[in-house]
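Going by the order they are written in, the chains are A, B, C and D; count residues from 1 in each one.
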Amino acid sequence: ASGSLIFAAAGTVTSSWDPTSHTVAPQITAEGFLFGHLTKCPMSEANPGEILPDLATEWSVIDEHTLEYKLRQGVTFHDGKPFTAADVKATYEYASNPDRPASAWYPGRVDVEVVDDYTVRLNTKQYGYPAINFWYVSSFLPILSAADVANPDTLKQKPNGTGPFRYVETVGDQIKFAAFDKFHEGKPSIEEIVWAYVPDANTRVLGLLNGQYHLTERLEPEQYLSLHKEAGLKTDRSLSSENKYLHFRCNKPPFDDPRIRLAVCHAIDRAQVLAVVGEAGQASNCHVSPVKFGFTDVKDYPEYDPEKTQALLAEAGFPNGQGLPEIEYITSVGFYPKTREYGELITAMLQEQGFPIKLTTLEPAAWEEQLYRRADGQGPGHIIDVGWITGSPEPDLVLRPNYHSKFALINGVNDPEIDASLDKEHGATSTEERLKILQEETLPLIAGKAPSISLFSSVFLRAMSAKLDGVTFYPNGPIDLSKATLS
Amino acid sequence: MAIISSIPQSSAPARSQSVNARILRLAWRSPEMKVASALFLALCLLTLFGPFIIDASATKISVADKFLPPIFMDGGRLPYFLGTDQLGRDLLLRSLVGLRNAFLIGVVSVILMFALGCAIGIFSGYRGGWTDVVLMRITDIQMSIPVIILAITILGMSRPNPFTIVAVLVLSGWPIYARVARSVTLAERQKEYVRAARIIGASDLRIMIRHIAPSILPPIAFVAVLDVARMMIFEAIFGFIGIGIQPPTPTFGTIISGGTQYLLNAWWITIVPGCLLALSLGSLNLIGGVLERSRNLVLQGAA
Amino acid sequence: MGTEPLLTVENLSICLGTGDGARALLSNITFAVKPKSVLGIIGESGSGKTLLSRALVNWVRAPLQVTAGKVIYQGLDLLALPETQMARLRGREIAYIGANPTTALDPTVPVGHQIEEKLRTIEPGLSGQEARKRVIAMLDAVRIPSARSRFDEYPFQFSGGMMQRAMIVDALISNPKLLVADNITQPLDVTVAAQILRLLRDLQRDFGTSIVFVSSSFGTIVDIADEVVVLDKGKIVEAQDTGRIQKSPDHPYTRELLAKVPRLWHGVSGVPQVHVEPVVLSVRDVAKTYEVKDRASLFKKNRVQAVRGVSFEVRRGESLGLIGESGCGKSTLSRLLSSLEPPDRGAIEVNGVDVATLHGDALLSMRRRFQLLLQDPYNSIPSHVSIGTTIAEPLRIHRLASGNGLRERVCAVMQEVGLSPDLYDALPVGLSAGQRQRVNIARAMVLEPSVLILDETLSALDQVEQAKLLDLFDNLQRKHGITYLYISHDLAMVRRACARIAVMYLGKIVEIGDNETIFDEPAHPYTRTLLSSVSTVEAKPFLPKDYLLEGEPPDPIHIPEGCSFRSRCPFVIETCRSVEPPLSTRAGTSAAACHLGLERLPMPSVMTPGRPGSDLKQMDSL
Amino acid sequence: MAFALEFFLRRISQGVLIVLAVAFVIFALLRIAPGDPIRIILGPMATPSAMEETAERFGLRDPIPVQFLRYLGDIAKGDFGNSFIRGKQGGTTGGSQDAAGSPPVERAAVIELIAKALPYTLLLAACGFLLACLVSIPLGIMAGVRNNGWPQKVALYLSSLLVSLPNVWVGIVLIYLLSARTGWLPAIGYRHIGYVIIPAIVVAIELAPVMIRSISVAVATNVQDPFYEIGQVRGLSARAMLFRHVLRNAAVPLLNSFGAQMIGMLLGGLFVVEYIFSFPGIGLLTINAVFQRDFPVIQTVAIFASTVLVFINIAVDFASTTIDRRLKF
């Protein structure tokens, strides 16, 4: 037993503890303490597709529409009820219901067949898509108790999972979790986790330095570097499932012309951007993160090349940028690291190439309001800085909302070629076939048409007390403290 | 003309010097005035001419030079006297320009809110009656709206730029001036010299401008000097939460709000502009304080 | 008297500033105060009286400096006494009362409480109850009406006279051995001043206090002092018995001073005569009422009837005097006349034009011809503007001059009123009251007005200054044919300057007539009361014992029914209680508002002007 | 008595009008300003139709006056509404699409949020104010009594220095120096009274210069009044005159500047300081609410703040008339 760990969190949970009610990243992190999943997916860069056992001990493909999971025995929920197949059935059928707000995470409806108390089969036949789509999702769907699912009110108010920690109470901006005695991997050594919501990054660091906090997340790169050197502290750096993009508003001039978009792409020296972003970013030439299925180092990804920029500008009829309308670059401050800094940098680079560009930095709420296209299809500004994170290796969660003309939430691109390519990879029946289409057709096509440019992949930076050992971090945020010790 | 020459003249020596000149001369005699003015002047000159003296390329982004410390520290190097910021820009130069911008915003907004507030206050206090009631209740309403809410609304609606920021500051700042000016006007209006002015035919407007304003405004103006600092701070706070002047234009607010996250590895980004600001505001305030004291002395006839 | 003096001043000198620039304000002052006697100090304004009286209580502050001399009280040199010991004497053994009672107390604490506070500081053993009782008893003794409730009233609720009495209570409550009274009657009405003088006399007799009584009025000094010290430019020129100094002044300065004392009845020469020029200003039944919030009741307002129907006419080139006690509505009337405020009813016509109908340019040009000099010379000129600018302003407003011409005209006017043009750029801060008043006059004169109202313009000045300015006004009148309306409570001044005089009481004119009628055979008891109260060096035809008023005039909120003077009139008859007497014409242009005929009032006691010897007053007349 | 009654009747009725007007202005401003709370409530992925539906359910698509009247009606019933964002259990961010579906009782009542935060703000304000008083009252008085000399110089230097230190900057530097580098004092958030010290210092630094100035000016004016010196000649000690009379008189302008200026500054200062220090008071609640477009919270805080301001001004004016009976209101 090593007492209580205070986690200075950058975000906090919503008013409902029902995991299917939200798409909020910090809450997924909190749910990581509370809930178990059928499988675990570490999403490592080296092996993005790797799957490990959790509540399921074995899993197999029965046919195109059926997956089978063998469940672990002797697992109990926090309320003392044993975990059985009935809980999996209830959870999957509830979560995949398209009425549930978070159902966007899940491929579609599913029927769960209880083979025996410790065997289940997922069946998608009735809904007409391959069951393989649940392959990764099973690592992210928190397993709820069937009794809770039957009673949504308890679900909202008191989370009840099989995870290493159980929920105690919420006091203001602090949430308390206590170690769960009957955790199937053994009671965690950390007795208590206090989730302290501290919105300001600087405050989190200073609190860590003076010993008020034991663990904090979302560091700025310099904070990370200096904490790295700090005695009594240690740091963690891990690639996330998030990429940072600049979206062009493709349905209004001048970015309705792909040549201008590419001209901008070639004018940006991403090496310098990365130098500013430092530890918080990792170079990647692809519109999805390296921890996502389908990632590849896209050939012909637009590189820094002022000559090409000038050539493209001239070709499009704006030699040296003359005649271009004023371009507004909208970014946020206080949400992602360094957005303002590299915003200034990119503005300067574009100005150097003759783009009449002006930077607007907004506080997050205002920025978010400006972010998406409006009902009329257009959005404010011309270049929008945004990141896209999803809790699954599934690339479609990035590609379809952003580049398919049916959605094109931000850039509003309407390109039949891209649409066709996205539909093609979606319909692929085997993992291999899909990987091939993604890597060789879809992703290079998007890079070439540049409805947006992916600047880099985000790296999550965290720091903790040196006394804290044995923590595992997941690329989309969750933290595994079940094996951790705080001496 | 009949000259009555036997009247003894007062002890007040007749000086053919205007009141203001006398105040200035008296103020100049105090050492703190000299020090403060020298400091202030130096800072002004530096902000004006700094960009010509210091190598202009230092203002350029050069990521390779980021976080260079001031030259008196290990690793510091020319031309970056006070080090560089997170994008490798010269901190001294940026601070000077930033200070100038913030200072302009502060001064302009204080002048405007002073003018607006005092005009309303004097008018309201002088007219009295319903005019007064209505104007003062508007003042109360305006005063009860927190600045931050006002700022987010206005700056959110119309993209932050120097004009909108000044507008927000003025909007939120005038009521205090109006209240103070009104209460002094009420007292002043009772005085006989206002009546005397009416007897010689001065119009209400003239009385407000030529008589009431000059006698009540100087003490309020000295308080306004304190407010320049507060306005710069508000600008900084706006910058802090992202509704301030837009980068790359440097202002005090954007520099320190950008700099605080580097407090641990590059404290100078925060400290340097803060110190420069403290120096300039401190000296300005000292000048104001000494002037105020001198004015009182001159008007009391003690000097 | 062979007793030891209570206080002696030896060789006292006081300078302004230090070093070479120092200016001697008092030099070599030596005198002694005998126990149980009243020492009078007289001198013109600026002669150093206040300075001297302050030095007696060791209250000399920088930039003033005692350069030599001693003030010895019971063997102790007060000037060398450590602050702690001095503090033990102040207020206990030596008390001081200044000229301006209204600013002497904390405005936010009830008067009684402040006196009680002082009493308990001096006698720490006293219980609150006991102290309170003593203060109230003492307030009663100085005849403050309903002292018990006045105890809890604030300074601003006291009139000047009542305040001065409260200050006397404050000074005497500790039974001091010595009281220094600096010009305490100067700001007061004649009636009140007379009351105060009598009060002081009584108290001095009852308590055996010694008094140093400072005044710039010879009349007052001879009324009260046993011995007189004459101060001129910071030096003592003569020290004498009161009787002797009247009869045979030694020093030429004293003689000059005596000669300058204005006479009301004896040796009065060339009283201004009534004119027959056309009427310039005609006032018909003008009234003004103010509403003030009544703190004691909900939503109720009190109606202050400041002016209650006043009518009179002034002819071109004539001087009309308007006299009356403080608060009777003189200033209000002057404000109505100069259209600073509109009257509630009645009409004011200037050259036949009703001023209420004037607007814009017409009003402006009326303003140019019709000027008012306000009462308070300190507040009526702006303090932050140089003198020249102040005087030049009317020229600017009326666009009469600009540039060099402007400066020339201003300088000319300054010279005309006796201000050095050197003062053009000076601030008013260093100016004496007289100089300020001159600035005021210059500002009005620069417009060359045809009618000038002077609201107590000369009351704040000593008689020498007054005389100079009156000469000036005379000159101007002769030269420019100006019409004056003198508002004053100073009878001597009115006697000298006005052809006709109106007497006001509680917002009404109770008597109006030519100069001689008003002074020699006034028909209204109130007029006679005023005349009886005046402090002069001559014998008075109306004796205080016949007329002297007690108490304060009723406040203009609760005006008694019938004759408003009846509450204070010594000759009140039954009719007075119910019927208000109209202003009925007597002889010629004179009129009085009284039910009584001349025959029912006492005969004037001295009626033969100019007989040598008889003009000296008897000491026991009070 | 009658005076007091009439005074309060008149001022409170005016005050109610002011608060109503402020409420309306804020209400309208929030609804005009960009930043759709629905977007924040529902999260980035919400479909336009879901957003419309939620907006209608929240009544956000009605004309503003209609919304305002409804809001007033609720307030009249004592219901200040529930936060758009914060859950009953204390969560703060938006993004839960369920928020729309769940009955409003599941979202925290604004009044409770404020009740929870208020004690912290009061504590911070009191400490900061006290600290500022500790410095400025003695210094201000000393500087006011003597027209020249060291207290006046110290007062001038100190206020010149303090006024030129921006509170954001001072806050950060103090956290860095007193907390992060040295570990002497805790700084972030609130767990015990020690957490108040640094923020209170920052608040005090902002208030002190203005207080020093107002006090010294007010005292100086009254010391020049004749009654101060005459009181000493009357036999009272300088100390007694100063403490019993000068300060009493100086209280009137001080109360006025307190009502008009200090409270405003205190409010503004607290917002920022609480934000920097993550101090769980009203200021932090409000700034977060502003970021999250949590209309009910912002509105209620604004109404609350203006009510406090109105009442303080009434109290100040009443105190002034009680101290100085010459004043009229």
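Note that a residue touches a chain if its C-beta (ideal position, glycine included) is under 8 Å from a C-beta of that chain, and two chains touch if they have at least 3 such contacts.
Since the model is a prediction, treat every value here as computed from it, not as a measurement.
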Looking only at C-beta pairs in contact, point me to the busier pair out of A-D and C-D.
-> A-D
What is the distance, in whole Å, between the centres of subunit A and subunit C, each centre taken as the mean of its C-alpha atoms?
-> 91
Round to the nearest whole Å and give the separation of the Cα centres of subunit A and subunit D.
-> 40
Give, as an integer number of Å, the spacing between the C-alpha centres of subunit D and subunit C.
-> 52
So, what's the distance in Å between the C-alpha centres of subunit D and subunit B?
-> 23
Residues of subunit B whose C-beta touches two or more other chains = 152, 156, 241, 260, 263-264
So subunit C residues touching two or more other chains come to none
Please list all residues of subunit A that touch 2 or more other chains.
-> 202, 205, 209, 363-364, 366
Looking at the whole structure, which two-chain pairs count as touching?
-> A-B, A-D, B-C, B-D, C-D
Sites on subunit C touched by subunit B in the complex | 16, 23, 46, 63, 335, 338, 340, 364, 367-368, 371-372, 374-376, 379-386, 393-394, 397-398, 412, 415-420, 422-427, 429-432, 434-435, 438, 440, 443-444, 447, 468, 471-472, 475, 479
Contact set on subunit D toward subunit C in their complex | 2-3, 5-6, 225-227, 229-237, 240, 244-245, 248-249, 252, 323-326, 328
Would you pull the subunit C residues touching subunit D in the complex into a rising list?
-> 57, 59, 61, 87, 90-92, 95-96, 98, 100, 103-109, 117-118, 121-122, 154, 156, 170-171, 174, 293-300
Subunit D partner contacts - residues on subunit A that touch it in the complex = 11-16, 18, 21-24, 26-27, 101-102, 104, 156-157, 170-175, 196-200, 202-203, 205-207, 209-212, 363-366, 368-372, 375, 401
Enumerate the contact residues on subunit B facing subunit C in the complex.
-> 1-19, 191-193, 195-202, 206, 210-211, 214-215, 218, 298-302
